[in-house]
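Have a look at these structures, which come just after this line.
Below are two complexes that have subunit A in common, paired first with subunit B and then with subunit C.
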Partner chain A sequence: MSLRLAVLGAGAVGGSVLDLAGDYGHDVVAFADSSSSAVDPAGLDPSAVHDRKEREGVVGDADPEAVFDADYDVLVEATPTTLGDAEPGFSHVERALGDDRHVVLANKGPVAERYADLRALEAESAGTVQFEAAVGGAIPVLSTISDLGAPHVTAARGVLNGTANFILSRMAAEGLDYEHVLAEAQDLGVAEADPTFDVDGIDAALKFVILANVLSDGKTEYALDDAEVEGIRNVPGTALDLAAEDGRTVRLIGEATADGVRVAPRLVPQGSALSVTGTQNIVQLETKHAGQLNISGRGAGGPETATAVLSDVSRLE
Partner chain B sequence: MSLRLAVLGAGAVGGSVLDLAGDYGHDVVAFADSSSSAVDPAGLDPSAVHDRKEREGVVGDADPEAVFDADYDVLVEATPTTLGDAEPGFSHVERALGDDRHVVLANKGPVAERYADLRALEAESAGTVQFEAAVGGAIPVLSTISDLGAPHVTAARGVLNGTANFILSRMAAEGLDYEHVLAEAQDLGVAEADPTFDVDGIDAALKFVILANVLSDGKTEYALDDAEVEGIRNVPGTALDLAAEDGRTVRLIGEATADGVRVAPRLVPQGSALSVTGTQNIVQLETKHAGQLNISGRGAGGPETATAVLSDVSRLE
Partner chain C sequence: MSAQDLDGGSDAEADGSGEQPKPHTIRLELVDEPGQLLAALKPISDNGGNLLSIFHERGSLTPRGHIPVEVDLECPPDRFERIVEALRDAGVNVIRAGAEHFGEEVMVILVGDIVDSDLSDTLHRIESSADATLQDLSLSAREGTDEASSARLRLAVRSGRVDETLSVVRDLAAEKELHVVEPLAEGSQ
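Right after this comes the complex of A and B.
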């Protein structure tokens, strides 16, 4: 079935959803950046929208709010993640659910910081909320938990921040220190100018908070404040050298268990599942009866995250 | 929703489905081995059934055929995989679909050897067919393909036979030859007395044939005869030694691509995703827009495979 998508957020993820929706048989009928929107009930032409954005700095003539007046089936919320009240993302979700539309989130804020509020709105709506894209980009971790059944998964553990992992991998491989590799990662576009979210473990913690919310199935609500978080800024190059002498390396490992959420640099054996390199992500799920499952792949990137969004959309049919 | 299961096959998988169904909220109302069956509309008591099987060699007083007369929602077909006409498994599936019941297969035969026949029967039935347990035990490869959408997955590759992988891992780690490690694997119960299916690559090929059928989405039908298959009997210990000098090792790698199905021993880098050790399995999915996904875990075992069966059952609701 072809669904009509309204996409909020014109960054790498929103832009890729616009590009790839047709490949999944869906139409983007509304598309907004922070200052403008384009609406076409017959489906927008991706290249025309991208061209205008590049040429004029806007995606269309309308106000961003106009997307909510469009005749759409699914709101794709791909605006930047914000903490605390998770605004303005949360209000976008509230409005779509209030209009009985489905919501697919790439934005981590509403589902990490206001999970119970979100589920309460969903319970009142004919629409449902999906958010595979908020955890690990292309890695289908939430759909796997859903398939196994949350009560049959006892813990999630892994590497869910590609920037921090790239920095630690490079420090270990080249014997370079943190500041040097961070500068290199910023040159390559792997790290942002302000790398706080990634290197201080906040981005990884938000993802493990979401996993904790999903695994607890509403019994306990988690938010970023509930997580113990330590980043990688203070990992000295010498720690990686010492680890290597012992056949190990350091990774920024997150965990969501019945005891809560923790993110911190940890020693892991070289060549083990958790020692993924570069911007790869991995999640290990501990199951009650089927041992450990490992799922790894590209944890970020426009087309990768858009694939998770569009898989969520297809699940709504 | 609680579903009533009829389980055919009292081996490790069928027995574990009997044990674990209650944990998923379902009841086993009929259970058969090759010579007898037990039926109870209120749900069978697993330990009573296991006790009787151990004490008397039968699971109950009735004929195996009696399971089809039980009031059940889902047939779990967990009898041994057979080649060619895939009987008697295929007839079991035919009878259940003819009665408009759902079918969950752990038996690879019907879905590897008679995929088009199976889909034709399903099209005529109110029941559906699921078969996650037939490919990679606990590894959720089919549900991941289904979530991504088969047209968005271009190839599947990996290690899907734990016995062959155990033998190759041990040969590489201990510098022992094939015959020696095979005998050890047989002592440990990792290899069967007749190891043909595993060491000649047939079991792995059946799984990749199933993957090829799923990926081609009915456009091309594959069966075992269409696969190029080479096993591990002729891999000399010296090949593993030479590979190790070069930072590589040998694994029995299967592939399902648009070009067909191949299974053969191949060189892979040590420490790479495909170099899983022991009885671990791994599948790599190549996606159109999201790069490569790796999924690894326990590819066999009673509770592991039963978990896949019961996840399939829960998907029917």
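Right after this comes the complex of A and C.
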């Protein structure tokens, strides 16, 4: 069945959803960036929208608000993640659910910071909320947990920030210091000009907070403030040298367990499942009856994250 | 039999040895006959050892058909040799005995101004308050860079006390403005 998508957010993820929706048999009928929107009930032409954005800095003639008046089935919320009240993402979700539409989130804010509020809105609505894309990009973490059943998964651990992992693995492999590798990562586009979110562990923490919310199945609500978070700025090359001498390395590991959420640089054996290199991500699920499951892959990127968004959309059919 | 019954601490004082009891692990192999375990424990208590735990996995046999048993005990350092000797004299098959071998091993890396933060005080306090023994220590500093130096500590910790040890290390590190890179918990790798 073909669904009509309204996409909010014209960054790498929103743009890729616009490009790839057709491949999944869906139409994007509305698309907005922060200042403009394009609406076409027959489905937008991706290249025309991208061209206009590049040429004129807007995606269409309409106001961003026009998206909500379009005739759509699923709102794809892909605006930048914000902390605290998670606005304006949260209001976007509220509005769509209020209109009994489905919502697919790539934005981590509403699920990490206001999980109970979100679930309460969902309960009042005929629409549902999906957010596979908010955790681990293309890696099917949440759908795997949903298949296993959250009560059968006792913990989730892993590496869910490609930038920090790139920096740590390159520091270890080349014996370079943090500042040098960070600058390199920024040149490559692996790290942003302001790398705070990634290197201070906030991005990884938000993902593990979401996992904790899902695993606790509504019993306990977690937000970023409940997480113990330490980033990688204090991991010098000397620590990686000492770890390597003993067959280990350091990775920024997140944990969502019954004890809560923690993100910190940790020692792991070289070559172990969790010592992924480069921008690779991995999630390890501890199950009650079936041991550990490891799922790894690309945890970020436009087409990768859009793949998770569109898988969520397909689940709504 | 409670640990209290086997307490050898007061003996040590009477001896004037005065040294604090230290934990040790002894690994035994017993023949599968009634009374063997009790016979193996007697030389320990007779010689001033304080039993801490006995790990005996029912049904687990060595290739020779013996039953492996791991005994954690505490005794003043000078008593340990005597206990092992007494066990051997009593015909108990002692596979491994050592003050060095604790139940578990933990590795942590401390980062920061290691030397100025008085490393020997740090180590001493970890050993005394965390009931851990330092097995080895490596330091690393890169000349000509601003990078912080690091110290790798391998600690032997009594079974089941890893969390406690790590929390002592964390508190000490916080006090001395050092960062700790902790290992990921056992079984999660």
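Observations on the model:
By our rule, the second predicted complex is superposed on the first by the 317 of 317 C-alpha atoms of A that agree within 3 Å, B and C clash if a C-alpha of one lies under 4 Å from a C-alpha of the other, contacts with A are read in each partner's own complex, and residues count from 1 in each chain.
Throughout what follows, contacts are C-beta pairs under 8 Å (C-beta built on N, C-alpha and C of every residue); 3 or more make two chains touch, one makes a residue touch a chain.
Here the structure is a predicted model, which is why all the values come from computation and not from measurement.
After overlaying the two complexes on the shared chain, residue contacts for A:A78 are found with neither subunit B nor subunit C.
In the overlay built on the shared chain, the residue A:A273 is in contact with subunit B and with subunit C.
When the two complexes are overlaid on their common chain A, residue A:R157 makes contact with subunit C while staying clear of subunit B.
After overlaying the two complexes on the shared chain, residue contacts for A:D177 are found with subunit C alone; subunit B is out of touch. With both structures placed on the common chain, the touch criterion links A:L148 to subunit B but leaves subunit C unconnected. Touch criterion not met for A:V17: it reaches neither subunit B nor subunit C. By the touch criterion stated above, A:S296 is placed in contact with subunit B alone, subunit C being left untouched. When the two structures are aligned on the shared chain, A:V103 is found in touch with neither subunit B nor subunit C.
In the superposed pair of complexes, A:I139 makes contact with subunit B only, with no contact to subunit C.
According to the touch criterion, the shared surface of subunit A, contacted by subunit B in one complex and subunit C in the other, consists of residues 273, 292. Those residues of subunit A lying in contact with subunit C across their complex are 155, 157, 177-178, 230, 234-239, 241-243, 245-246, 248, 250, 253, 264-269, 272-274, 284, 286, 292.
Interface residues of subunit B, counted against subunit A in their complex, comprise 16, 20, 23-24, 137-140, 143-144, 147-149, 152, 270-271, 273, 287-298, 301, 303-304, 306-308, 311, 314-315.
By the touch criterion given at the top, residues 107-109, 111-112, 138, 140-142, 145, 147-152, 154, 179, 181-184, 188-189 of subunit C touch subunit A in their complex.
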